[in-house]
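In the two complexes that follow, subunit A is the common piece, with subunit B as its partner first and subunit C second.
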Partner chain A sequence: MSRLKGAPSPPSAARPVGTAGFVLPALVLIGVFLVFPALWTIYLGLTDYRLTGLEAADPRVVGLDNYTAALGDERFRGSLWLTVQFVLGSAVIGQAVLGFAIAWVLRDRRGPVKRVTEGLVLLAWILPSSVVAFLWIALLDRDEGTLNALLHTPGAAWLLDHPMPSIIVFNVWRGTAFSMMLYGAALSNVPPSLLETARLAGASTLQQLRDVVLPHIKGHVLTNLLLISLWTFNDFSTFQITAGGPDGRSEILPVYIYNVALSGGRLGFGAAISFLVLLVNLVFAVAYLRLLRSRRTDATPKAAP
Partner chain B sequence: MRPAFAVLAGAVLVVAGCGTGGGSGGSGDEITLVITANAISGGKNSESAEWTEKWVIPRFEAAQKAKGRNVRVRFQPSGVADEQYKTKIALDLKSHAGADVIDLDGIWVGEFAQAGYVKPLAEVAGPEVDAWEGWSRIPPAVQGLGVFDGKRYALPQGTDGRVLFYNKKLFAAAGLPSDWRPKSWQEILDAGAALKKAGVPVPIQIDAGTAMGEATTMQGVLPLLAGAGAEIYADGKWTGATQALKDVLGFYRQIYTTGLGDPKLQQEAQGRDKSFARFAEGKVGILAEGDYFWRSVIEPKTGVAPMAARDADVGYALIPAERPGVGIRGQDAVSMSGGAVRVVNPFSKNPKPAWELLSFMHSAEATTAQLAGAVRITSRTDVNDKVLSVDPMLKFVSDEVLPITAYRPPLAVYPQVSVALQEATAEVVSGRSVEEAAAAYQRKLESIVGASNVSR
Partner chain C sequence: MIALRGLTKEFPGGVRALDGLDLEIADGEFFALLGPSGCGKTTLLRTIAGLETPTSGNIWIGGTEVTSVPPGKRDVAMVFQDYALFPHMDVTANIAYPLRIRKVPRSRREARAAETASRLSLSELLSRRPGQLSGGQQQRVALARAVACHPRAFLFDEPLSNLDARLRLEARTFLKRLQRELAVTTVFVTHDQGEALALADRIAVMSAGRFTQVGTPTEVFQRPANTFTAAFIGSTPMNLLPGTAGDGALRVAGAVLPLPGGVPDGPIVYGVRPEYMDLSPTPRADAFAGKVAVVENLGTAHLVTLESREHLIQAVVPEGAEPSAGTAAWAVPRPGRGLVYRDDRLVSPSPANGENR
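What follows is the complex of A and B.
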């Protein structure tokens, strides 16, 4: 009200209050749903809190015991290594490369081929994960799996003998759509005239990609890698296919946390691992954001002339 | 804000939406009670779910109406692995929510009680509990399933026993007797070898590994350990990497590394259910299970893997000790028993009606009605005396297995020890040596219960 009356007053006086007013609801939401749980996780990680038993009623603070236990636990270290394989294999190599390849091949195409391909890739992305998990179990099952019927390999236990490759292929299939769409949009920003010139100058496809396309979409590549690495690092949908098994051989960190904290009831220990995961996420994010920023500062002077 | 929140909580937790408005009095004094169990019509423990829905609920509601009370009862079914069900119930109780009457495995009572998730029945529902007519009908050993620290936390539903089931048709094809009575572990292995020779795909199924969860411990490790002369917890100490434990792991190793068992089946997420289906299909020769397998899995009509000719085709035998006379208490044969219980949710808004419902579910009339579909060994001697003669298998368990059986220690730390045992079998099944697996088990056990509480 008062602001309306004093409409011509200098904006500098009104803005802080106005800005704060607009930002406040968002900050409250972030505080309640993000900052508080994160702080609470840190606290829980310092206790021996359990789902059942005496420690559930009366948790004690045990300091850094959970962290030293985690770092000394071969199951945790194994899980960390599996997660690295999962992120590199399914996101950085699988989704990003396949997504780019599809976008590149389809870039000039029109008509049903493009629409059908894009539709199928998108379908894998938008289906509910429980449905998708069931489809993949039906595909890879040892006894009545579709894949064994197609390959005439009865009894091949894909999920038991090759659990990591199975979930990596699964996640590539599941998540390629995002990379495909992002690169598709990025490629449409590459001026066709530049590509034309490069072609006339006799540049091979590889050279065109390296010298013309990549410089133009570098920012998109980094954004894409940042997002899909983070998503994959935190992905839980493989739980529905292998549940981390057999014997923990596909137990990536999110599944490990679930198995330890909820199935095993060690909530305090699980919270400590969650905090470590949070730290890894932050490191990822900061590294990528820095790359992005340096890219932008590089690009500005070059673009000027 | 508050009514909205109450509605939301009611919708999400499927707790009594109407009940939250209680206390205000007035005309609509209806209360709602919820029963939950890991049972679902047409799936897991189907007969129990149907008994709850079709017998308990209508009769209890009618009985309450006759007393002038307006009580509605709903059943919240579930059909998942026992460990998942346990997690769900623990989370419900942790947030002071959940059903009013809850089905639990007796072995969880200790840790739930320590966490404050369940309370002594008399504390929850008042002096009516100790005055209940049923207590005198339940033998103390069976009451023990629901007792912790000397207090009654739960009503036991019944008890069970573990035996070796075998397929008589496959036995005939392998030249083995139809009234098989193994005297030692070696005779089990010999029978397995004969079955393998006759082309049976899975000669022996003894649950192993972590994917099978508590089934590995209960159907496999603990009966075998008892057969080797040791209990998992005795005289205040937990059994470490003793010779008895190494013998058990050695037995597993012999089965799973010489083609007498299917090691992959032990690793699959749905391995136990698959092993049931395989047995029903006639692909498994010998399978160690509780009588649950007989009455709920291969039961010809309502089982999850029904066998039409169960009574003719399936035999059962006591689990032999490693060698005659070396079992616990010098026995020739051994078993393990447990049993499900029911508790009243201590956070129930209507604890007294909930206790009335619970005791109604455990009355002689209700217990008898539950047996209409499938006979089982109930907690009530008055009912057992009448019904057990109907089913020879359950009579066998009652007469021959229960006298030689043993129980798991009702301690909160037991589930963690159980997981360590499962992991030890998993290692042996996937090819590691007995010595390695036993040493790893010893390390884990010491970190769980403390080195001074481990015998070796």
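What follows is the complex of A and C.
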């Protein structure tokens, strides 16, 4: 009542109300679309909920049965192992190493070579994944595939015979741009005089990388590895190429969950595995946040005596 | 010994940073490359180091041709303007780094680092990181790293310019003493003419990729071979005034000055340093007449700027003798201190031998 009478309301009283008013819509959105589904997933993971049948109408709480079943399931463990291969092969080795290599080779270049390379790599990144998937199916197709035409290997069924290498190469191709740009920015921050001092001392390229470049961009490398591991771990775009097949040989975890929960209809079981994936993501996220925090404390300047 | 023959460096886009340079630097010599920014002095140093490849010409270091030898095999050590210390290594590791690359065993290289550090009074700081050192300490660590690997030549790229003014004087004296003790051939790039005069055995003044003059500090200061060098050397800019020689006299900006020997009749440029001018309160025929426009305090002396028709003439007068602004004054060049240029070449006094190589 006093606020109605008093001419302008004092800012100290008005601010909490106003702030909450601005933040509330965002909080509601986050609650509805992030927190609630996450909690719902945890709940579903404890039930035998199915898409169809008796359990769809009347799901029962089965406790940790889904989790014990998953951990005992050959297909789940196989999928987990494929995911590890996928993350190590396409993110850590593929995108990070290739992205760094491109950034290193292009670091002193100016002009068309640099622009064309960067443009091509970026193009792979910004194309919609459905378009990219179609391009790759066209590339790797057994009968009319571009790769077979280039290699003169008619009838080689890349996606059937080598599904994992195919999706690993696909994901490397698709995601290298981010690493390349991040390392490109990091390398441009390495003072040229440090590299030149190493060169004058007679250091080889490998020694320059070890003694000058890597210590300088260590923080960037960690950030990069964490982010691309996280993204690759959750990547679903390979579903559009192999759908996990043939015979589950490229069924990484996101594809496995989709196949189990939506195609197979076992929503409760799928939710349980989703929660396991969420836990792995949390480990990555916590590691990333800790890293950011430690870098921030490192960055505070030390007083020179 | 460092020798250059016809050294040319052309950057993409056609900029000639080095234009056919010939030079010999003797063993143990402290040699300064001096010039305004963009004159090519740093490019020349980097080309000697091997960090830039010359477009044509040859380089010898210690009697071996090194034109196409990679920088790591030239046995030279460079100190950069930003010192280029490795931030993640402590002082010992920084000093010992070139030795580590040469696979000197750890105990030997650490002993060498400690010994070099003590010579440069860094012993207390061996386990510090560069970020924990002051600018002067960082500069000495960079020097120590260059000294520790016993190179055939030191290449310094403005190593003093990041220090504050007082520290720079100390570091300058220290650098000169160190170079004398080690007697290692040293090439030093600077844009500060005072630094070059103070440190170097010989100076090459550069402009637009060429040497305008190569000589000892005394030669370069007393007998600059051309008006560019004349204007560049000296802490106060030299007065350079157009005039004519004829009828047994020089006529320059209203003054009639005695004609030195060896000056043919015709248009000339007359140069005299402000330090070699005296002010007279009364009119004289051999003086530049003008009105005092500005008086600048230099501490032990004053720099007086006279407005004389279309020219500005500067003179340095001792403390207590400065005129007040707005009064008339006459600036008299001291006998024998004037320089006469014709077609931008020194004609009087006769140029020293060995100039303009």
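The definition used in the following text is that the second predicted complex is superposed on the first by the 256 of 305 C-alpha atoms of A that agree within 3 Å, B and C clash if a C-alpha of one lies under 4 Å from a C-alpha of the other, contacts with A are read in each partner's own complex, and residues count from 1 in each chain.
Here, a residue touches a chain if its C-beta (ideal position, glycine included) is under 8 Å from a C-beta of that chain, and two chains touch if they have at least 3 such contacts.
Values in this document were obtained by computation on a predicted structure and should not be read as measured data.
After superposition on subunit A, the partners subunit B and subunit C are accommodated together without colliding.
In the superposition on chain A, A:G264 contacts subunit B only, with no contact to subunit C. In the superposition on chain A, A:G78 makes contact with neither subunit B nor subunit C. When the two structures are aligned on the shared chain, A:P191 is found in touch with subunit C, with no touch to subunit B. Applying the stated contact rule after C-alpha superposition, one finds that A:L200 touches subunit C and leaves subunit B untouched.
Once chain A of one complex is fitted onto chain A of the other, the partner contacts of A:P59 are absent, as it touches neither subunit B nor subunit C.
In the superposition on chain A, A:G219 makes contact with neither subunit B nor subunit C.
Closest C-alpha contact of subunit B with subunit C, superposed model: 53 Å. Put simply, subunit C touches subunit A in their complex at residues 49-51, 70-74, 76-78, 80-84, 86-88, 97-98, 101-102, 131-134, 145, 149.
On the side of subunit B, the complex with subunit A involves touching residues 83-84, 87, 90-91, 94, 108, 111-112, 114-117, 209-211, 264, 267-269, 274, 412-413, 415-416, 419, 426-427, 430. By the touch rule above, subunit A contacts subunit B in their complex via residues 50-54, 56-57, 142-143, 157, 159-160, 242-243, 245-247, 262-265. In the complex of the two chains, the subunit A residues touching subunit C come out as 191, 193-194, 196-203, 207, 211-212, 215-216, 302, 304-305.
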